[in-house]
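For clarity, chains are labelled A, B, C and D in written order, and residue numbers in each chain start from 1.
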Amino acid sequence: MKGIGVGVIGTGFMGKAHSVAYSGSASVFGTGLRPRLEIVCDLSPKRASQRATDLGFSRYTSSWQDVVNDPEVKLVSVCTPNDTHAEIAIAALKLGKSVWCEKPMSSNLPDSKKMLAASKKSKGKTIIGYNYTKNPAVLHARELIETGVIGDVAGFFCRYDVDNEADKKRPWSWRMSRKASGTGANGDILSHVISVAHFLVGSTISKVVGDINIVHLKRKDPTNRKQTKTVDNDDMISALIHFQNGVHGHIGASRVTWGKKCGLTWEVHGTEGTIIFDQERLNEIKLFTRQKKKSTDGFRTILTGPDHPFYKSFLPNGGHSLGFMDVKMCELQMLLFAIEHDTETWPNFESGYEVEKVMDAVDRSALSGKWIKI
Amino acid sequence: MKGIGVGVIGTGFMGKAHSVAYSGSASVFGTGLRPRLEIVCDLSPKRASQRATDLGFSRYTSSWQDVVNDPEVKLVSVCTPNDTHAEIAIAALKLGKSVWCEKPMSSNLPDSKKMLAASKKSKGKTIIGYNYTKNPAVLHARELIETGVIGDVAGFFCRYDVDNEADKKRPWSWRMSRKASGTGANGDILSHVISVAHFLVGSTISKVVGDINIVHLKRKDPTNRKQTKTVDNDDMISALIHFQNGVHGHIGASRVTWGKKCGLTWEVHGTEGTIIFDQERLNEIKLFTRQKKKSTDGFRTILTGPDHPFYKSFLPNGGHSLGFMDVKMCELQMLLFAIEHDTETWPNFESGYEVEKVMDAVDRSALSGKWIKI
Amino acid sequence: MKGIGVGVIGTGFMGKAHSVAYSGSASVFGTGLRPRLEIVCDLSPKRASQRATDLGFSRYTSSWQDVVNDPEVKLVSVCTPNDTHAEIAIAALKLGKSVWCEKPMSSNLPDSKKMLAASKKSKGKTIIGYNYTKNPAVLHARELIETGVIGDVAGFFCRYDVDNEADKKRPWSWRMSRKASGTGANGDILSHVISVAHFLVGSTISKVVGDINIVHLKRKDPTNRKQTKTVDNDDMISALIHFQNGVHGHIGASRVTWGKKCGLTWEVHGTEGTIIFDQERLNEIKLFTRQKKKSTDGFRTILTGPDHPFYKSFLPNGGHSLGFMDVKMCELQMLLFAIEHDTETWPNFESGYEVEKVMDAVDRSALSGKWIKI
Amino acid sequence: MKGIGVGVIGTGFMGKAHSVAYSGSASVFGTGLRPRLEIVCDLSPKRASQRATDLGFSRYTSSWQDVVNDPEVKLVSVCTPNDTHAEIAIAALKLGKSVWCEKPMSSNLPDSKKMLAASKKSKGKTIIGYNYTKNPAVLHARELIETGVIGDVAGFFCRYDVDNEADKKRPWSWRMSRKASGTGANGDILSHVISVAHFLVGSTISKVVGDINIVHLKRKDPTNRKQTKTVDNDDMISALIHFQNGVHGHIGASRVTWGKKCGLTWEVHGTEGTIIFDQERLNEIKLFTRQKKKSTDGFRTILTGPDHPFYKSFLPNGGHSLGFMDVKMCELQMLLFAIEHDTETWPNFESGYEVEKVMDAVDRSALSGKWIKI
């Protein structure tokens, strides 16, 4: 088994998730490249040192350039705030290094375009962390669609609702400001929806009409509890969509929906069947195709198992359940395979840019009140 | 218990459903007006005779005027094709009789407007058969919303998908023609969605942008199997919506979705909680409100029972389940109560007309590509 | 359509349920015998009079003999306390009348035996109100089993849990006394379980070992709140079972389980498939049989619809849901068919007596600590 | 962070699962002992070498003694066939090393007793791999029970059904022989059920009556397809149970139930509430406790999240789902904590032996037809 030196920039949830994936993937998959945890970066040197110990890195730094320039590092994880993705990713790509970049691609379309251009010139591979397309259950769904099991896709419907900001007593944060953060639910979670849409339908969204709803217009100012500050980006966002291949549908997202913890749900309606998924039960899809006898027709709840992509590297028996971290490991494995065999990932920066364009179009449509072609 | 003479026009599924409701309602509710099944009408005298026997009517006719003019009849059920609703309902209302009219109100907006005008001049009561608002579970949901249990409504999302026309081998029918039937999924099932929207949110839809998808553009000509005919109304329809009270959401319907049998599902997102419903499990709602301890938060599956509207007239213990026919009986009971006590029903022709206006606006918006104010 | 005069004895929940079924069944099924509601009996003449009005009977009485002896009455509903079933049913059968007797058959095995003997000598038809075997979903499950869709039955597992007595603050009642009521959860709800077992497996239980648990040994004396009284029959009951045909399984019931409203759940494990059912979602069964591709194997949720027994008499489209009262109407229809065509019902007094023997054996086994053959 | 040298004996599914857990646990938990993967053992030197590479061990061997005696190894994973557990575990304990032993404890009660004795004399810590008690959802359920949220436990009901041997065409294997493997479903999967029973109820099972069913008595001889061999251990097993603390219940297991992949389901009925769990949806429990208003009572589906044990070491947001491998990591973390802080694990060899006694009693009871006290 060959090794590959990796560096992680950013040590929040995603920095940790990448690191844990790097630690376990070779043991799980037993083939391909074995990551070596070379260096980790956090702006605070003290925290960087601590995280290197906790996460098993050989070295640490408080400067992202140290990671990118480290000669041992061939693969860079970008797990920093969205507005720093472009600079770091482009620097790594210029050095021919591969990049595992968290979603969304960047904080604005021009930056994403530059990242795309850099990736096209580089021999480094890229992948964006749209992990909801890496779940074996979802990969299986895509296979079913691709092989015509549900006929031609006719409709695609998806929402992603969470309750992160549902409590109206939560104070204002920079995430609720267009200036500081760009869009709200759009960039944070609708981006996932769009990645799933492109992946499952096998076509990109070509036309949208969007709508934005700010449910909690005023939030307490965290620096002065007697005052409030204005929220000016989307708590909820929705759009009607058309795909290049003629499929219609709608998508939506909310950051203020009580009780939804990871409420990414989608339905693909086909001319011969239907598939339904709920991320909160990520080990099952529901598939309807006709049985010989109409009296026994019904949605089948298919539990993920060894007959589905990736699963048997984790577990020999079906129904034993993968988790979020396992799915992240599948994402890594796709990237490592592409690096080793010089193939492509999905979504690389090219496919990721397609997602960004839709996010942008939904936002502009919501502000203008018009359908927008992409 | 006082009696009330009733007549039923039309003996298809709905004519039968009304008749069964008339037979049982007094026994179930034990109070109010007891319907007497006076006369039933079917265009075929032979079938009319047979249905009178089967359904327990004293008399029968093949002319709807006989029902409307029958001196014993004080309440008329209109269960005929949509394009005949206006004429019959208006005739009955002119005679001061009450009308239980199946949905949609009529086949076009001008007819519905005339029906509304007739109802305003008449002492007869009216109700339109939007039965999905009569289910005790849904009435309970409305109570929860009205009393602020989930705070202010922030979002409303609803689809109604069925597989009636999912099989592409099904031949063309008049239902698939704008000329013969008006809209497709819109009039047939989105109308239910809109009634549920108005009922639950407690406000009417004021602005829409719609989209139409004809999935099966050609169907076999039933009169000449070697040829096809063109489908020109909506197999699928979707819209983004705003309500008068500021709530946003989206709605949709499909008549071509495999596996969905009565797939009316809705979610109401509030500032303090969330309610979710699936008509295929009509005896439960899922309610999220916070518990004292966050660790025990979760959606509660509330089974309909004697603490909810109407239920205990049917059954003393919860979880024993009502069915579609029971809900139809609740609908009748609302109308009988209004007749007896001179109160109002929902949706009477006034509220029903509000539904019609939205259906019309969604259609026009889909054709024009623009948001439309109502 | 021919008529049949019916009389109902007892006007509680079941008396009402029978009456409502009598009112609607002809309209629903449109064939066979049309019940005429002749006479209703309640011990209180005042209540009898009121119930006659509410339920639509021509006459009323406070003496059950009046019903049984009424020359117009050919079918008698026995909806009185368990310890009166035998006397009434036997009297009716002696007059050659048919009997719709609520479950359990009686309050003790000798009485049930006498009822069985009377039924064998009578030309009257009998049926016992084990309604959980009349649901179209369950009838469909039986068909699947009978036709070998799940191979040979290997295991049968069923519980019926309710929360009727879950609150420990509920006072003592006669139902909690062996002397006054016989067994507890056994007679009241395990009896249903046994009927379902016999029906689905198509064989009777031949051997049991039982266990009893009295969870709340002391309850407040309702006549003197400062004192308590002892509960001496089963709050919970369980048994391991063998069937005549070699199937093994276990059954159980509880009247003290919080949150279960109609918690009758069963699983039939076969050598080629599995069926699962939950009465709280009575319009669905879950069926597992293998698909061609293992990767799409899964339990199918089959919604009851027009391809299943009885359903299309109620509704033309699947998934629209039947309720408890509809199922009771199916039960009546089976009896009316047997009366009209001189066929047999299930469970008639012979099959009902098989259920009684198992209830008795489970109780004796629990008290003796030994396996008991039946 | 201090390190601890670990060795793994056996490289099947469980050997791999332990190794993956060792690789990732320090990164996930960020505190405590960091495992160093010293040496791995497989009977085949070639496979041992390969697995050392794949799983990241420094050394390998084909002799388990090398692992136990390795001076760097302080913690030994026993992932070999059941009948070798005793010898290996006892040897390790004699050297004062800690042991992570897969379930069941051994292949017979006397061996398990020796293991227990060895553990009592050793300073090494022990834990048995009953992982279904380590899921944060289940730990949370135990907390709810322990703190009285559902009152006193009244009933415990659990089954574990899988389809490993459901296909009657699967050939005979040593697992189906009492001589070669001991019991069937009992040792393999009912053992898990018993561990869950003891853990959740907080008391051990004291009395059982058991039943065995061999569904497929003859299987094809894998060495001679023209002949069959006899299966003489349990395909299905069931028991009624009493606990020391007075709780009653029943348990069961099957290795021949189609469609169940990891079908471990349990219910705990308490005097103030109920908890329900299904391992195929391992990130949720269903909890019923009363709300203030009866009309909003219902089972709450609680998604595992950061307010539950262990979860936030993996993920910051609820509902993002843990998998089987994550739970195995929790199991390891419990053991590492016990080693570091000299506390106890559950189930150590003492608690594990309690499980073994119940397995043995159920088997003897099934063969003798009598209740057995433990």
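In the analysis below, contacts are C-beta pairs under 8 Å (C-beta built on N, C-alpha and C of every residue); 3 or more make two chains touch, one makes a residue touch a chain.
Remember, predicted model here, so these are calculated numbers, not experimental data.
Asks: Shared touching chains for subunit A and subunit D?
Replies: Touches both subunit A and subunit D: B, C.
Asks: Hey, which pair has more contacts between C-betas, A-C or C-D?
Replies: C-D
Asks: Which chain's centre, taken as the mean of its Cα atoms, is farthest from the centre of subunit B?
Replies: Chain D.
Asks: When the C-alpha atoms of subunit C and subunit D are each averaged to a single point, how far apart are the two points in Å?
Replies: Result: the chain centres lie 40 Å from each other.
Asks: Taking each chain's centre as its mean C-alpha position, how far apart are subunit A and subunit C in Å?
Replies: Chain centres of subunit A and subunit C, defined by C-alpha means, are spaced 53 Å apart.
Asks: Which residues belonging to subunit C are in contact with no fewer than two other chains?
Replies: Counting only residues that touch two or more other chains, subunit C contributes 260, 289, 297-299, 303, 305.
Asks: Give the list of subunit C residues in touch with subunit D in this complex.
Replies: Result: residues 150, 154-155, 157, 159, 161, 166, 168, 209-211, 213, 215-216, 235-236, 238-240, 242, 248-250, 252, 254, 256-260, 269-274, 288-290, 297-299, 369-371 of subunit C touch subunit D.
Asks: Sort out for me which residues of subunit C touch subunit A in the complex.
Replies: 140, 144, 149, 284, 287, 289, 291, 293-303, 305, 307-308
Asks: Please name which positions on subunit D make contact with subunit A in the complex.
Replies: 1, 13, 16, 19-20, 23-24, 26-28, 30-31, 34, 53-56, 162, 164, 260-263, 279-283, 303, 305, 314-326
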